[in-house]
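Below you'll find the structures, each written out as structure tokens.
There are two complexes below, and they share chain A, which is joined by chain B in the first and by chain C in the second.
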Partner chain A sequence: MNQQATIAVPAPRALLSRGMRETLANYAYLLPVAICLGGTVLFPILKAMHMSLYHNVLIRPQDYRFIGLGNYVRMVEDPTFWLTLKNSFIWVFFSVSLQFLFGFAAALLLNAPFKGRAFFRTINLLPWIIPGVVVALVWEYLYQPNYGPINDILRRVGLMREPVAWLSNVDLAMPAVIFTNIWRGIPFFAIMILAGLQAIPDDIYEAATVDGASVTQRFWHVTLPMLRPIIVVATATRIIWTFNYADLIFVMTSGGPANATQITSTYTLLQAYTDLDFGYAATLSVILLVIMLVFTALYLKLTKGVESVAG
Partner chain B sequence: MDDRWRFSRRQFLKTMAATGAITASELLWWEEPFLWPKKAHAATTVRFQFSVPEPLRISLVESLVDRFNKSQSDVEVKVEFVPQAQARQKLITAITAKNPPDCCQIWDNWVGEFDGMNVVEDLTARIKDWKHYKDTVPVAWQTVTVKEKILSFPWAVTNDAIFIRVDRAKEYGLKIPGPDWTWDDFVTLAKGYAKPEKNQYGFGMRGAGTWAVLYATEFLYGNGTQVLKDGKVAINSPEAVSAFEWYIDLIRKHKVTPPSVATDGYRQIVEGFGRGVTSMYLHNSGSVEEQKKFVGEPNFATLPLPLGPAKKRATFYFSETLTMFKDAKNKEGAWKFFTWLMDDEPHYHYCKTLGLLPTRQALADQPPYTGPHYSGFVKSFPFSVVSPYLAYAGWGGKLDSEGVPLFQQAMVGKISSKECLDKFAEVLTKNMM
Partner chain C sequence: MSTHRSSDPLERFLGGPVLWIGLLAITLFAMGPFLWVLSASLKTRVELYAAPITYIPTHPTFQNYVEAWTSRLTPFSRFFANSLWVSSVTMVATIVISTLAGYALARFRFVGKNTLMLVFLATQMFPAVLLIAPLLSQWYALGLIDTYQALIYSNFSFTVPFTVWMLVGYFESIPRELEESAMIDGSSRFGALLRIVVPLSAPGIAATAIFAFVSSWSELLFATTFTSQTQMRTLSAGLLYMAGQYEVQWGQLSAGVMISTVPVAVLFIFLQRHLIQGLTAGALKG
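Then we have the complex of A and B:
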């Protein structure tokens, strides 16, 4: 019997190691998401940065040219920009801090057992559900000095003699729009914090009670620390939204009177859609982005991020 | 064969008679086919952008376009309605992207801007051959003429006049002045009307939007002010400052304006008068028809602007134009549409419905333009001028973005009249391009 010896031929060596192939496959799965995000988030940001380096006024296409940091220099020298930045910080600080305080109070109330709680939880959401532009139009009407209900009620109950022009007075316009924004934003915090409150296990409160902790002590040492991750995320998100939020002011005052309510985001819109100066508007957008990035990094560092205290 | 499909001789004759009747009726309506427009397969489309400041215009323009389409076999207009607030920006971005509509309705102050972009079709030659060229008011042509080129059809024109409550003047024992009244008469009347305890004010001044600057400038002309003098910005001249102080005093000293003045735009001044909060306001004829419904026809009239200390006055003409773009794909169709809209009946119907003044003299001589509600505008014709702010395309957006906040600062007393006009002059000088 003729036997032939077979020689084992080693399989051709794969071009990539198994680990590398798995890694690449994983990246391939991520590719569609990366393309979508790149196209919808990264590309517009890069495009805005690119536009900010050009003199790009749509009504003067013949003047379109690269000007390097010219728009940034203009921004630094633009007193209206600094005014709008100051207004933005006032707008964000008072809006978010008061939304948070009242939202927290509302959440504590809605967490307590009482008859009709489900109804009030639903009602609480109404200001948040109504579109921003509608809210602005409704409040513009409420504030109207000549035929608005607020002035009318205040005059009828004797708290006011002459009508007050809430949105036309330079000292009152910003507080008035902030008040509207607070009204609109309370439900957001209320619902977020309520969700956090419901996630705190009862046995922690029971243990604290057994240890003799008072209501205040339970609030400071149990409730607040347990809610910290939610509070950090909710406030950070809300600050970013409010900083970029232009609808309310744009509809209610258009940034007036005399720029009293002009915030950087409405000023950016004005530059883009009234002056059609897309180069300068892009510069303002880039600066808004940088401010928000720096703020978010600092905020997360100061508040130690979203890690739970229990962790 | 199924009985249902049988066709008797009687039925056949009836069908033929009905077909004949329909055909005859179609022939009678040959300009506007009664049943349906007969479009040729190769009917070309004209894209027409219309900016909408108020809902009434949508149905009006839709009906006009529909009638035009029915009257044509080879052209079909497709109208694109855009809210007025976005119209300018939308057009400019479409132009930049090289995809503008064939034609559009825009205000004359935008025509200069678009011409600066070198995108507007020069209609001079066509218009000079147009059958109604000589019947059109010369100043209407001025509003659409840039660098000696006629760029658009002035579809409707208007100027500004003071709306005044006649019934309330009688109630308060105030004398309605004649058309040649003065600034002093104006202040006296405004003070007479002002009853803050009743939530009534003398004058609904505009503080928001581009026209806050334009209305103020019209008053400034009463003291001999000019925006441009010898090619230089002169809006901060001593006579301008003095006139502006008088204007601001209406708010700060005489307190004849509502407290909301600094943010009152078009809607607020029109509604303020309509609701009885103010008894006078300055506006174009576009709100006449609205006020007839709000305050009633017998209760108001219009007067020309009062004469200033220099015994002068001016009101700015502006026109709503029909403009064609150089990149239009269907210029012949757009021209056909324009000339149809400018014909007697469509032109008169459009202007009358909106309370605007027709640019064709023959139509302006007909009622309601001869009545009391339009008399303030008609009597202002001799001193109406084209807005001086049309001189430079670069001034267009700046009036709104920088001019209005400056004027508001003066209104609320944050800066003096002189500071305001000095800064405004700087803005204008910087943007003379």
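Then we have the complex of A and C:
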């Protein structure tokens, strides 16, 4: 204490009030974002947590009552919930891994020097920007058993005899929606990996070539290690996004047939839309949030905190 | 990456046949579905349901477009106007809100700034279904069902966290000295933001603007849940409504799909450079 007292201290009052004024002015810049996210994200999430503690079915308002963790108990005992978790895992695993694989291949092709590259890039990245409902309806049409071209082409080529109802077959519906999701997601990985490829300095490749590295050696020892950070970021965000994504399945199959394509996010939607059970829907959405937060925490730990992502 | 005159036969093979066959395959895969829908949208009703299906319309007609655009049951002209209004207002408001917030986070020192950045990052990953039930009861209580406001405010929940996060990075890359000298010359901080920082970050702001517009244009769940009148539906909600009719009109639906797709596709074709640079900048720094 004595040692500190010897250091000159500026007049505290004036400095404090000026600092206070500045701080207040600075916080004013954050006021709009605070109001906007408070009203559309923070408050609704608290509200969802609150709703999850009530028996709240819209068509039976006389039954509205506090039931504590009743909805959570119901969820644990609900076999469909566990089925949707398993389906979500299949949906995410096959969608993301194949999007990555084909997206990587597309990025390598679109990074090669050739005439008309800009044109090919644009049309190959286009599916990325198409509204989800459009993707879903287009593919519903492609899969259509009588007028759809997929059945027609497979029969003309001789791979199939009878038309197949892709989206209403218990065994084929999930592969069919995943295939659609792959089509939709390839451009995302292609864009990310293409950006990563362009950021690799040419002289690294030149040095490797001078040292006699073959094209495959350059891929494994230069390209892949240099792309590692962007692959981690792209894959992790894509996993979370795909886990949450409901539009495609909701439009194409509504989770059917017999819950064959029901993932947790579409199940949550259906509880609200079809059964009008807002209490249970809120419960499922809170669990989705918890799963998402755990995964995000793991991901941030993997990438060593926000700095390495935020730059 | 791979030079044309290489002595490595594998490299020449990869740069030659593999490249061209691969390009052909991925391009066909990416464009095939669009071409099918474009073709279907130009077919007559008879041809749409003809037994051996055709791939190129024999008597191309714009009838499906006219019917979809002027239909009383599913008026795509109205859906289009609704989408345009909701997406434009969301875009402008998102830019204003996130420019202010992004600037503050890039320049000022706050208690818990890193926590706040983490919140913005985490919010981007929230499932939309989480917000459906609470927002519905909220908009219902405020009397905002079947209004543009409900859709615009709801869209903020996914546009703003991402655009703030993107703009913080942009503003940080602009040297402080430029604003500081303007402020010494008598400009206020806000004036310096408007006259110095905003023009310098125009590419970043443009990228966030396209992002906000395109993601609002595609939004489906909020638009379906918070509107009940046909007159208030956006293109996405209108398409879903049309597909849910007792008999799916594939011709009109295909025309509707093209109407919903073409504006964002055109935006993408002309502005993809900005958009892609903006969206990948954050991930690349990692």
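The criterion applied here is as follows: the second predicted complex is superposed on the first by the 257 of 311 C-alpha atoms of A that agree within 3 Å, B and C clash if a C-alpha of one lies under 4 Å from a C-alpha of the other, contacts with A are read in each partner's own complex, and residues count from 1 in each chain.
Note that a contact is a pair of C-beta atoms (placed from the backbone, for glycine too) under 8 Å apart; a residue touches a chain by one contact, two chains touch by 3 or more.
This is a predicted model, so every value here is computed, not measured.
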Which superposed partner A:275 touches (first chain B, second chain C, both, neither): first
A:165 touches, of chain B and chain C: first, second, both or neither? first
Partner chain in contact with A:61 - chain B first, chain C second, else both or neither: first
First, second, both or neither for A:283, with chain B first and chain C second: neither
Chain B versus chain C as contact partner of A:37, first or second or both or neither: second
Contacts of A:254 with chain B and chain C, given as first, second, both or neither: first
Residue contacts with chain A in the superposition, chain B compared against chain C: C
Contacts of A:147 with chain B and chain C, given as first, second, both or neither: both
On chain A, the residue positions that both chain B and chain C contact, one per complex: 144, 147, 273
Chain A - residues contacting chain B, complex: 58-62, 80, 144-147, 162-165, 167-170, 173, 253-259, 262, 270-271, 273-276
Partner chain A, residues of chain B touching it in the complex: 86, 89, 92-93, 96, 113-114, 116-118, 196, 199, 207-208, 258-264, 272, 275, 277, 393-394, 396-398, 400-401, 404-406, 408-409, 411-412, 414, 433
Sites on chain C touched by chain A in the complex: 1-2, 4, 6, 8, 10-11, 14-15, 19, 22-23, 26-27, 29-31, 33-34, 36-37, 40, 48-49, 52-53, 55, 96-98, 100-101, 103-105, 108, 110, 114, 117-118, 121-123, 125-138, 153-154, 156-157, 160-161, 164-165, 168-169, 189, 214, 217-218, 220-221, 225, 235-236, 239-240, 243, 250, 253-254, 257, 260-261, 264-265, 267-269, 272, 276-277, 279-286
In the complex with chain C, residue positions of chain A that touch it: 25-27, 29-30, 32-33, 36-37, 39-41, 43-45, 47-48, 51, 102, 105-106, 109-114, 120-127, 129-134, 137-142, 144, 147, 149, 152, 183, 186-187, 191-192, 195-197, 199, 205, 214-216, 229-230, 232-234, 237, 240-241, 243-244, 246-247, 250-251, 265, 268-269, 272-273, 278, 281-282, 285-286, 288-289, 292-293, 296, 300, 303, 306, 308-311
